[in-house]
Amino acid sequence: MKKLINEVDDVVRDELEGIAAAHPHDVKVNFDPFYITRADAPVQGKVALVSGGGSGHEPMHGGFVGMGMLDAACPGEVFTSPTPDQMLEATKAVSGGAGVLHIVKNYTGDVLNFEMAADLAGEEGIEVESVVIDDDVAVQDSLYTAGRRGVGATVLAEKICGAAAEEGRSLTEVADLCRKVNGQARSMGMALTSCIVPAAGQPTFELGEDEMEIGIGIHGEPGRERMKVASAAEVVELLTKPILDDGPISPGDNVLAFVNSMGGTPLIELYIVYRDLHRYLEANGVTITRNLIGPYITSLEMQGASITLLKLDDELTRLWDAPVKTPGLRWGA
Amino acid sequence: MKKLINEVDDVVRDELEGIAAAHPHDVKVNFDPFYITRADAPVQGKVALVSGGGSGHEPMHGGFVGMGMLDAACPGEVFTSPTPDQMLEATKAVSGGAGVLHIVKNYTGDVLNFEMAADLAGEEGIEVESVVIDDDVAVQDSLYTAGRRGVGATVLAEKICGAAAEEGRSLTEVADLCRKVNGQARSMGMALTSCIVPAAGQPTFELGEDEMEIGIGIHGEPGRERMKVASAAEVVELLTKPILDDGPISPGDNVLAFVNSMGGTPLIELYIVYRDLHRYLEANGVTITRNLIGPYITSLEMQGASITLLKLDDELTRLWDAPVKTPGLRWGA
Amino acid sequence: MESIGLDEVLAWIRQIAARIEEQRGYLTELDSAIGDADHGINMNRGFKAVLEKLESSPPTDIAGALRTVAMTLIGKVGGASGPLYGTMFIEMSKAVGDDDRIDAARFAELLRAGIDGVIARGKAEEGDKTMIDALEAAYRAISESVASGADLSEAVEAAVEGAKEGMEATIPMVARKGRASYLGERSAGHQDPGATSSHLILAAASETWR
Amino acid sequence: MESIGLDEVLAWIRQIAARIEEQRGYLTELDSAIGDADHGINMNRGFKAVLEKLESSPPTDIAGALRTVAMTLIGKVGGASGPLYGTMFIEMSKAVGDDDRIDAARFAELLRAGIDGVIARGKAEEGDKTMIDALEAAYRAISESVASGADLSEAVEAAVEGAKEGMEATIPMVARKGRASYLGERSAGHQDPGATSSHLILAAASETWR
């Protein structure tokens, strides 16, 4: 394993110390338990947004704390959900009296831990709503399983709901908006190489020199299908067809297209993917009116990419365009 | 070779088509010859900034075209300097009557091609000044060699000089400022893995499972020393000590610290490097007052990082903070 | 052994920690086949913290010992297994009440309470390819054993046997809960890591209470 | 062969393109040891474009043919070798003027002019481990050969021999120019890619003009 780290057990702590040193004017880092809040938290009268999840997906979530996006993020160990005490403390730290929205990616661990935290926060008199994001079409959705994973739509939901909260909308409104974003967004990812969990020290899975994994999860969970590597245009079709087939996006729609690096794939390749996505959608009558291209929800050093499409309307577009000022996403401020 | 690309020969064209599709309101892409300009170019009365170099370093330079930074970028083939015709056409396209600054990284190819282009532009009556960036302390500087390479300082110079040009400063002033930034900045990089030039199809160099290369160039040029992999803290010292030993930065100085990914190293590791850099500089009496952390001058999918330190004063700080709106770097707008 | 008290419960917990530490790589390997390669790491982090906690604030009764395990797992493990095992030990702690001795029948009751907690939290059923498969099979075995008049050691040994069968039964299953469910059919052919750690937890009891 | 005209010059250029295409991997491999692994790719891209250009706008005299090579290399190669070889062919084109035949002495003069162009642009000297080492050794050899009365074929063969020696002489050198100079002492022990392509360019002449 080759990584720029110190002790394997200190990866998350060291990272948080880096974030604290790098962005002292924007965020506050709490070390016991681990959580990150806006430097100006709590913002009185504003619905507060709290998210969290395993580390290893940077900039998500810690990099999205700041004006116009999250109020707090709870980082777990690498690829491991954080614990209820972190979420509870973060929730208390950012609660500004207007309620707190928990944005939870749909993984059993995240869901269970956030559930416990929401119960505890409720007992302390803080109104909490939870929205579970489950946009990954690589996984068959079903009432009898853990359901779909939460992936790229999380970033979009955090941005859009963050903007709505800044506008002073109520907890119910922001939570409904979050459900709307989740309902209108679909994602799928793929990997060219495996990531290496620092504590494991070796690749999570083995891929042959000429193989790729389609439908990969952001924790290196195996995907739908292992196949021979293909061109960017073919990969785009393999990812985008299931997204379009899944429902919410139809010909004639405007979408936000989010082309994401899994961590090890550089921007030059993302732009090629974007080009092919643009063509594919054009051929299918779907118009890209907003985009986001870069490493925003990563899987350590995994090479690969994911595509997220969010159906846009005027409201979502306006909230997407609203100013945001976080270490990981910034415009208009 | 595993990459999200189509035909190897089309990598740069496909990438440019992606950029054109992604940022139509911000940049214009010219395809014959290849160059990228601000959508609103030429800006009358403003000194225009033109840079360029081989592709494979994204977002540099194309991603830095826009308000407050470059007026044009000329992408060459992967890791190969662009050609004089590109530079000449780009220079003509953005010239707003106040002169054009060529920001050139010190590689023989870039220097020679930009020299030819500057001569040709001069023949066409456009005033051109050229500044060569050579901040890489991994290479021994000498009058009898090609000299140092231009690396991370290029990004900082493009941002700072872009802000100065926006303020309406003259060509001589902007060129002098660029020389000042270059004089006060020093960099050094390292690699954990090799990159793969698409047309070559295999790694540029081989590194053992437990080896790293200290002093690597951004084209996979071998570095100063190959050694056993070490902790982030040790790597930081290996990169930063030569930077501090080199001259311009002394105890008591304020610096901008730029921790850059070579492309395949994810943000989680960069923050750990930043933490260790922060400590190392603190112990050496140097204060970080600004920072930039992310993949900004990459080497395809190479894993590794580089550190650039720029000594700041009030002028440079103010220009760094000035609004910038490009696909790759954005704040205040 | 007819029954146990606080000391034996503490010895059990220490043995769990030791066995998890020892099997950490194996559990993680199982999780890398159908999950995210961290189950051994998670459990080991949790039980190491439990040991520290037992040192720094020694519990004074069985309920307190089980509660310490629960709260530490909840606070340190994260992932799915943290809240699930945390809930299991909380429910066992609640069920044991003020008792200072546990015999075979009582242990079976505690196990039932713990399993019900896991089900309430995780909504898994037998056959979903989770820890529930090992735990339910263990409960069936211990119930039968208790009914046939076994003492604690014998009953726990039966539970371990049951857990082992339940654990191995997960191999052909297609996962319907947890991270492995994302794999659909591809999850078949691999043993569930959580079922494996459940077996380990019961095996630790049997190894201690002889 | 005593002298050559436009047809032989065109044949030479085509042979360069063929040999570069064939040796493309080798040149790139050399460049990956001490450069950035693109010299073969660069040169091949350039000479493929030269072939297309010769098809689409056939030159009418030797100067025009050499100029086409020059301008196409400048416009298509990039890197260090683009402007350097571009300049070399420009200066050869200028030096040939209106001549429609070239003999041994004249070819030596053209080579001198080309080399001087490369030096003016790149500021390298012999011993810097660049194409200049192959080119200057080639020039010395062809000058001697011409002085001793050789015809064009013999003279060019001598030039190739000289280029080969100059190319091999770069192996132990420590680079002082170009990308290889970044390596300092570590550049020793590797043959310079540009010197190798220079040898190839002259070898193509000798292969054509027999």
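Going in written order, the chains are labelled A, B, C and D, and every chain counts its residues from 1.
Criterion: a contact is a pair of C-beta atoms (placed from the backbone, for glycine too) under 8 Å apart; a residue touches a chain by one contact, two chains touch by 3 or more.
Values in this document were obtained by computation on a predicted structure and should not be read as measured data.
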Any chain that touches subunit D and subunit B: none
Touching both subunit C and subunit D (chains): none
Centroid-based (C-alpha) most distant chain relative to subunit B: C
Chain pair that, of all pairs, has the most C-beta pairs in contact: A-B
Cα-centroid distance, subunit B relative to subunit C, in whole angstrom: 55
Cα-centroid distance, subunit A relative to subunit B, in whole angstrom: 29
Gap in Å, rounded to a whole number, between the CA centres of subunit C and subunit A: 32
Of all residues in subunit C, the ones touching two or more other chains: none
Where subunit A touches two or more other chains at once, by residue number: none
Topology of the chain contact graph, where touching chains are joined (line, ring, star, complete, other): line
Chain pairs that touch, as defined at the top of this document: A-B, A-C, B-D
Subunit B contact footprint on subunit D (complex, rising order): 28, 32, 34-38, 41-42, 45, 74-84, 121-122, 175-179, 181-184, 186
Residue ranges of subunit A in contact with subunit B within the complex: 2-7, 11, 14-19, 21-22, 55-56, 58-59, 63, 192-193, 209-210, 212, 229, 231-233, 235, 263-276, 278, 288, 291, 293, 295, 298, 300-301, 303-305, 327, 330-333
Touching residues (chain side subunit A, partner subunit C) in the complex: 33, 54, 76-85, 107-109, 112-113, 115-116, 138-140, 142, 144-146, 149, 197, 199-200, 204-205, 217, 219-222
